[in-house]
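One chain, chain A, appears in both complexes that follow, with chain B as partner in the first and chain C in the second.
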Partner chain A sequence: MRHVFSVRIGPIGFRIGSDWRAPIAQMESLYTDYPGPHDGVPDFNVRLFAARPWRRVIRPSVMIGGDFVLPEAAPLPLAQGLLAAEMGMNLQMALGQRRYLLLHASVVERDGRALVMTGMSGAGKSTLAALLGTRGWRLMGDEFALLDPATGLIHAFPRLISLKNAAIGVAEAAVPDGVFGPLLPGTPKGDIRHLVPNAAAIAGMDRAADPALILFPRFGFEAAERYVAPSEVFVRLTQASTNYVAMGERGFDALTRLVTTVPARAIDYPDTDRALAQVEALWRDL
Partner chain B sequence: MARAESLRIVHLDSFTAVYHRSSGITHLITAPAPEILATLGEAGMTFAALTERLATDYDLGDLDADALAARLDELVASGLVSAA
Partner chain C sequence: MARPVTDGWLLARALRTPGNTLALDPAGWAALIATARAEQMIGTLAYRLEGLRVPQAVARLLADARASAAQGRVVALWEAEAARRAMAPIGVPVVLLKGTAFVAADLKAGQGRSIGDLDILVPRDRIDAVEAALISAGWEWVKPDPYDDDYYRRWMHELPPLIHRERDRMIDVHHTILPLTARITPDAAGLLAWSVEVEPGVRILSRNDMLVHAAAHLFADGDLAGGMRNLWDVYCLVDQFGTNGLAERAAHHGLGREVARALRLSAALYGQGARLNPADHLYLRRLTARDGWGRATRPFTRLGFYVRSHWLRMPPAMLVRHLWTKWRGGHRGDIV
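Moving on to the complex of A and B:
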């Protein structure tokens, strides 16, 4: 392809090829402090390409391809090329990752122990992880927790933090010195703006952590907290995993081990300040 | 019978997770299904013997024969238990 960028995020190497310069330039800028893939060999390839040759220039629209593809994925306008690249990387992980059990969750770490936050889109897991990352925690990732079946440890995957809609303003106010990508209005998921994980997150991305608490946050309700039984955690995490079925017995063993050894709580919260206080209180009581 | 080598069984709480190696399907089961799987073992046994063992080994004495037969049919349908 005409333009190429390679990057390693945690243990996973990517190579992104593009028909256009702009998305690659944005990635080079936002991922400037990240290393390249181990030994220069990526685990996954992503391709951003024009469906027809003239679509490179006339109303350019970006098709997402790669080692693994969704056949019906709709193209994005070139202005959202960065989002296309991020979606392509997520897609490779979701469809192709076999070494780790992938949990759709954000993860932060303190003292070698990981807090795993999962929930529906809009539950606030990206926002909470971004804010905790500025308050004494190390951000390990806002999209995927990589659970190693061999060790039970969580590996970091600190890609760009994907902030959506109201979360953009919350993060801009809370992380005033943060490095943000361009505002991408009108995407299929609304407005999106990416936040670059801070230096501690990037420098520490090769350090795995022992899972210590699983949290199911829910935004927009009065503050509340409840115990979540292992069987409920198991069911919710199988639903939150993109490769549980593909992982077979290794996935079963990894997940049953996680839910029988790590406590879980659900929290409702009316605003992020309250959520951060709830998280700290739960962490103290572990 | 319930072939031990074909099942991975992990007790979670009131539910038990079962991974069925032949199909790759995960099942969540609750009493008396885990007790039935544990009692049947690999050798298998007659329905009458199963009823008696469940009553003595577990606190499942109030389980009537119809209910047990229904649970057993469900386990056979799921592939976790095979009928002789």
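Moving on to the complex of A and C:
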């Protein structure tokens, strides 16, 4: 392909090819401190391409391709090329990853132990992870927790933090010295702005961590907390996993081990300060 | 960044002589892996390269592919078992075709092979009973379109595809191996009569008929999509069983030319080579039309073979009628 960028995020190498320079230039700048794939060989390929040759120039729109594709993915305008690349990378993971059980979750680490936060879109897991990352925790990722069936450890996947709508302002205020990507207004998911994980997150991305607490946060309610039984955690995490079925018995064993050895809590929170206090309190009581 | 000049031959050579991959640079590995994924042969490649001292990142990736293929095998065999249970009460054995047959019989061709749908062959005069048995066991129609449904039932060699409502897996129930509209009519009853039991209620085609089917599928039916994988099947079957009696059996089904071509092309890609005629080179050009990003290349060659596949499948007047109906239907791209 005309323009190429390779990067490694945690254990996963990507090669991104593009018909246009712009998305590649943005990735080079935002992922500037990241290493390349192990041995120079990517795990996954992402392609950003024009559906027809002339669409490279006239009303350019970006089709997302790769090793693994969904049949009816809609193209994005070139101004959202960075988002297209990020979506393409997530898609390769969601559809093609078979080494790790993927949990749709954000993860932060302290003292070698991981806090896994999962929940519906809009629950605030990206925002909480970004904030915790500035308050003594190491951000391991805001999209996928990579659970290794062989060891039970969680591997980091600290790609760009994807902030949506109101979360953008919250993060800009809380992380004033953060490196942000361009504001992408009017995407299929609303306004999006990417935040580059901080230096500690990037420097530590090869360190796996022992899961210590699973949290189901929920934004917009009075502060509350609730014990969640392993059976419920199991079911909710199968729904939060993109490759649980494809992993077969390895996925079942990994998830069973996780839910039977790691405690889980659901928390409701009215604002992020309150949530951070709740998290610290739960962590102290472990 | 320089673009490596590459096509499907990169994959063919890696499968033929695995040791040569040790000379690949990182860009070469990336291209080989992308090509293998696009041809749905990453599992096959992973088994073929097992034990070689490949770079660690590649070793990990190939180990993932082997684990994935092993899981695919479990799922495919379970699906075959589900069909066996559904058809046992009506006394029709499940005759497995293609990938599921290879793994059920533990053939070399099944090692690492990706398996999509479950393909089975049943006697044509029992097809209504089989359909009813499958539907009562939880399979459902995929294609609601009446034209497609009618087309399948009148002219195709299989029922419209059924999908299981809980397991989300598709089954293709064939009563022969080529569309009824094709100019060649293989001996479907003979395929069943010569089939071999692998376990009670589960059978596969005889080794020569498996080769005939692979060749028929490739050269007398489709547009050569997935051809590299199909020819790998052919190569493995020949390597494992030889070709004793194959020419006679192929002639019996009216597929002598197709089988001979399959043998030449599989030997050219994966074996010791063969004496090729000019048309063979065109086929190879189509079969290897893939770049190092896994993209389909050579659009005009591809289009040519696509048109050819329809030409083979139906007489001209019918083809025109079919394409007209499909075009009017809004060309949704799901042309039968």
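Here is the rule we go by: the second predicted complex is superposed on the first by the 286 of 286 C-alpha atoms of A that agree within 3 Å, B and C clash if a C-alpha of one lies under 4 Å from a C-alpha of the other, contacts with A are read in each partner's own complex, and residues count from 1 in each chain.
Convention: a residue touches a chain if its C-beta (ideal position, glycine included) is under 8 Å from a C-beta of that chain, and two chains touch if they have at least 3 such contacts.
Note that the coordinates shown come from a computational prediction; the quantities given were computed from them, not determined experimentally.
When both complexes are superposed on chain A, chain B and chain C fit side by side without a clash. Look at A:136: by the touch rule set out above, it reaches neither chain B nor chain C.
Legend: residue contacts after superposition of the two complexes on their common chain; A:235 is shown touching chain B, with no touch to chain C.
Counting the residues of chain A that each partner touches, chain B and chain C differ, and the larger count belongs to C. When the two structures are aligned on the shared chain, A:259 is found in touch with chain B, with no touch to chain C. Contacts of A:248 after superposition on the shared chain: both chain B and chain C are touched.
When both complexes are overlaid on chain A, the residue A:185 reaches neither chain B nor chain C.
Geometry note, superposition on chain A: angle between chain B and chain C about the Cα centre of chain A is 60 degrees, to the nearest 10. No C-alpha atom of chain B lies closer than 5 Å to one of chain C in the superposed arrangement. Common to the chain B and chain C interfaces on chain A are residues 248-249. Interface of chain B with chain A (complex): residues 8, 10, 12-15, 17, 19, 21, 24, 26, 28.
Within the complex formed with chain C, the chain A residues making contact are 1, 4, 13, 15, 17, 37-43, 45, 47, 65, 67-68, 98-99, 246-250. For chain C in complex with chain A, the residues that touch the partner chain are 1, 3, 25-27, 29-30, 33-34, 37-38, 55-58, 60-61, 63-65, 67-68, 71, 74-75, 293-295. On the side of chain A, the complex with chain B involves touching residues 229-231, 234-235, 238, 245, 248-249, 252-253, 256, 259-260.
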